[in-house]
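A single structure is presented below for examination.
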Amino acid sequence: MNTQHALDTFVEETGGWVASQLEACTRCGICAEACHFYEATGNPEFAPVWKVELLKRTYEQRFTLSGKAKLALGVEKRITDADIAAWSKIVYEACTMCNKCAMVCPMGIQLGPIIHDVRTAMSNAGVVPEDLMAAVNKQVQEGSPLGATQSVWEQRMEWIADEWEVEIPTDVKGADTLVVFTSIEIMKFPENIAAIAKILHKGGEKWTVSSKGREVVNFGFYEGNSARTKLFMKRLFDAAVELGVKRLMVTECGHAYDALRWTAANIMDVPAGLEIVHIAGVLGDYVRTGRIKLKKGAFDEGTVTFHDACKIQRRGSHIKEPREILKILAPNSFKEMSPSREQSICCGGGGGIIAIKEADPLRYAVFELKMDQLKNIGATTVTMTCSNCRLQFTDSVEHFHLDVKVRGLSQMVADALE
Amino acid sequence: MDWKGTLEFARGPFFEVALIVFVGGMAYRLMRVVLLGWSRDRVPSKGSKLKGVVISFLKGIVIWPFVPWVKNTFGKKPVMYLAGGLFHFGLFVIIFLGTPHMLVWKSLTGYGWTTLPLPVVDWLAAVTIVAMAALFINRLVDPVLKLITGPAEWLNWLFVFLPMVSGYAMTHHLISPYEMLFSLHMIAVNVMLIWIPFSRISHFMFYFFSKTIHGAQFGKRAVTP
Amino acid sequence: MSEETMYQHLRREGVTRRDFVKICGLLAGAMGLNTFPPLRSSGLPQSLAGEPNPGSLVARALASKPRVPVLWLEFQDCAGCSEALTRSQSPTLIDLVLSKISVEYHETLSAASGFQLEENKMEIMKKYAGKYLLVVEGSVPTGAPEYCFIGGRSAEELLLEAAKGAAAVIATGNCATFGGIPKAKPNPTGAKGVSEIVRDKPVVNISGCPAIPEVFTGTLAHFIVFGALPELDRLNRPLAFYGNTIHDRCLRRAFYEAGKFALSFDDEGARKGWCLYKLGCKGPTTYNACASMKWDGGLSFPVQSGHPCLGCSEPNFWDGGGFYQGQSTPLSKPTLTALGVAAAAGAVVGAAVAATNRSTKKHVTIE
């Protein structure tokens, strides 16, 4: 553990953007009320404002005259190894960076991104949950945190194409769109890949996958590590350049969209003119423009609801598209959860938490909030556009013995294609 | 105790110094933060950042209970909403629409304006004081607040509470002589003025930064803040 | 100086017994005598303690006491307080009291002058040592005594000398009580009020600019009737007259509460008689009897006539922030230049700290 590295990271990442927001905090504590981890456990240490405490302390102790004085006089204490260890646990296992806290803060402070900055410091200090770090290292070495090495990936893709009788164009130079799947889909939800392939063909898309840029998931982003975040994205950008595509499509993954679409340009060189899109947006686009036609009422049974993924809906804007699609697929059975849309409650599996065994109890605790939401409307089916959410829902539904079907939206669309 | 002399001092040189420290302190605080470095946002926007900023600031003003964003934010903590909201509302009305305070602004800026009748402002002041008491108690019992509250937060509360109650006592001539209450009020106000730039009470200045960043971040992603 | 009682004197002057009793009632009312000071301490004989009402008490007292000698000294003054007294509209009341005092020395009013008058004064001081009343009008220049020399002697010297043998000292008018206009910034003469100079004796302050004649005579009457000074406030002003602020007795108070203010002289609000708070009325912090007893025999007072109260019975009213500046406004405020300098200084320090911080950020190394 290198605590000084953490403190130095805090210093390095605190510019006007972070500092003005740290100064804006009035210690009102309302952010806690929006945090599903606090709501599920009642543990005040999970309050978002507390999660960024070490960053705030470092800022005050290093950048303000009064903070420096208080430190010198002994009124304030130095940040210790124990502090770093304790906070590492909190920011990695009790936060999914869903950014709901930013929506309730009366000052509008962007706590999600700032907590991400805290993770960066923890990563530089070398204090990251073992499970997560193992997955990161796997991705560095093998190209995927879930064991989808080059050969495994090729095998799976071949099997999917065969099993579902779809064509999956690979390494096609001059295609319009580079589609990058998640290893969650590859290893756990292969039917999703088949579904997306089917839709893209029906929509007349000139697309391809890349054997080199084959993993859209970014565990460096979960870790908060700048170098690794960039490394994993570079693999995709290089592939995009090599294949000469116009756009890069993120399939059903949330944080990858956040990283590629909303973060990459600020931390690295991105290929000029390369558009980043998400399958949720593409589906909506296809339906609106009539590129695909859907069977009306194809899923009109029971009560169907949609779970808004934090990084695709609240932080990605694709709120309308899924609802337009579900209006066609389940016009009579669709019901909104409350709250939903940009106010949606996080599934609890994002931010890398689902990879950390130690965090399972917390993960299940926050899922109880989603359960209540489902129960309140009597949902029989819940659909979503993020594989990580799907993994969390699938696992937790089983854990709690819930009688709810968990579906991916792309799959529903593929099944309802006319 | 020479309250007349104290009053002259508190309304005179002490106030002058307090105002100078306030202005200098706020300038210091602003520059120290603003000049810490900003980076350009190279991520292409999907929606309008400006629209997001406008809505972000509207969120701060449109605060009626039936508004959805209010329900979502404060639904679980009505105390914060009621007490915090009433406190701020009362504060603004007292400082800007109370006749004695308007005259202070007039003497400082040269501009005066119509004010509200005394009983209205007075009643609101009582509500504000009760709201502050509620906030105080809340900060003592709420588990999150207990964790994040330090001496600075208590002083923030105290240095705003004292001007409130001394002003209220003054209006009602609760204790004689009047010069004593007036002196205490002015001393409390001066202490507050000096304290503001070096505390989180200056959030009224950083509000504009955080709200703009908030609006821009959401507007960029075409999501309603 | 005769030894006849006040009643006898009055009868001789043609005041009927009935009128005398009526006047005493008025006087008692003017003194605010609805509750008596403890009779024993008043020095009145037990026989008078059984009087049924204040009016008769005063009557009895005046009927049985001889006239009190008074020395009236003027220093840095405008003689306004004397003028107000002598020009008062209720001659019978004032005259009643004035005739109960024998003004043995008054610079403005005495017919005699020069060394003759000064000699007379020294004689009176010797003859009635310990018994005479010293009334002082005007402030005393202690910083530049040359501004007030009478008969070759400084005001301060004259004051201390006269105060030594006085039974009581009454300072009348803001100048004598608190230093008044001569004390206004920059106070070139080092003007001081009487109580800052006379330390060993009680000084009653009848402040005001001028002092309300009825207040002066009411206080005097109290001394004459009870042989003691009335209850005083923290500034040694008689509580009976200075116990309430103008604000608390003002006829326009309802408009203050309702938020109806005159915004300029002769505007609609002014003509409707609305509150003058926004025109700088100092009523809330001014203690005097103007709003209750009023001036010119109860005719009117500044606010009633449409002008904001100047606060003339309060110390340093002349430096109290300007007559038309709100009573709540600060007494001094930083100039725009001062604020500009403060902002610039703060900004410079802030920029310096920010620069240091940026340098810290740049030189931080993380592998």
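Note that the chains take the letters A, B and C in the order they are written out, and that residue 1 is the start of every chain.
Here is the rule we use: a residue touches a chain if its C-beta (ideal position, glycine included) is under 8 Å from a C-beta of that chain, and two chains touch if they have at least 3 such contacts.
The structure displayed is predicted, hence computed values, not measured ones.
Peer 1: Tally the contacting C-beta pairs at the A-B interface and at the A-C interface, and name the larger one.
Peer 2: Greater number of contacting C-beta pairs: A-B.
Peer 1: Based on mean C-alpha positions, which chain is nearest the centroid of every protein C-alpha shown?
Peer 2: Smallest centre-to-centre distance to the global C-alpha mean: chain B.
Peer 1: Using mean CA coordinates as chain centres, what's the gap between subunit B and subunit C in Å?
Peer 2: 42
Peer 1: With centres defined as the mean C-alpha position, give me the subunit A-subunit B separation in Å.
Peer 2: Here subunit A and subunit B have centroids separated by 37 Å.
Peer 1: Compute the distance, rounded to whole Å, between the mean C-alpha positions of subunit A and subunit C.
Peer 2: That pair's centroid distance is 80 Å.
Peer 1: Quick check: what residues of subunit B touch more than one other chain, meaning two or more?
Peer 2: Residues 29, 32-37 of subunit B touch two or more partner chains.
Peer 1: Going through subunit C residue by residue, note those that touch at least 2 other chains and give them in order.
Peer 2: As it turns out, subunit C has residues touching two or more other chains at 353, 357, 361.
Peer 1: Can you list every residue of subunit A that touches 2 or more other chains, as numbers and ranges?
Peer 2: Within subunit A, residues 14-15, 63-64 contact more than one other chain.
Peer 1: For the complex, which residues does subunit C have touching subunit A?
Peer 2: Subunit C reaches subunit A through residues 353, 357, 360-361, 364-367.
Peer 1: Mind listing the subunit B positions that touch subunit C in their complex?
Peer 2: Touching subunit C: residues 3-4, 8, 11-13, 15-16, 19-21, 23-37, 99-101, 103-104, 106-108, 112, 115-120, 173, 177-179, 182, 197 of subunit B.
Peer 1: Spell out the residues on subunit A that touch subunit C in their complex, using ranges where they run on.
Peer 2: Interface residues on subunit A, with respect to subunit C: 5, 8-9, 11-12, 14-15, 62-65, 124.
Peer 1: Which residues of subunit A touch subunit B in the complex?
Peer 2: 14-17, 19-21, 23-30, 32-34, 38-39, 42, 44-45, 47, 49-50, 53, 63-64, 66, 102-110, 113, 261-266, 313-317, 319, 339, 342-343
Peer 1: In the complex of these two chains, what residues of subunit B are touching subunit A?
Peer 2: On the subunit B side, the touching residues are 29, 32-39, 41-44, 46-47, 56, 59-60, 69, 72-74, 76-77, 80, 84, 142-149, 153, 198, 200, 202-203, 206-207, 209-211, 213-215, 217, 220-225.
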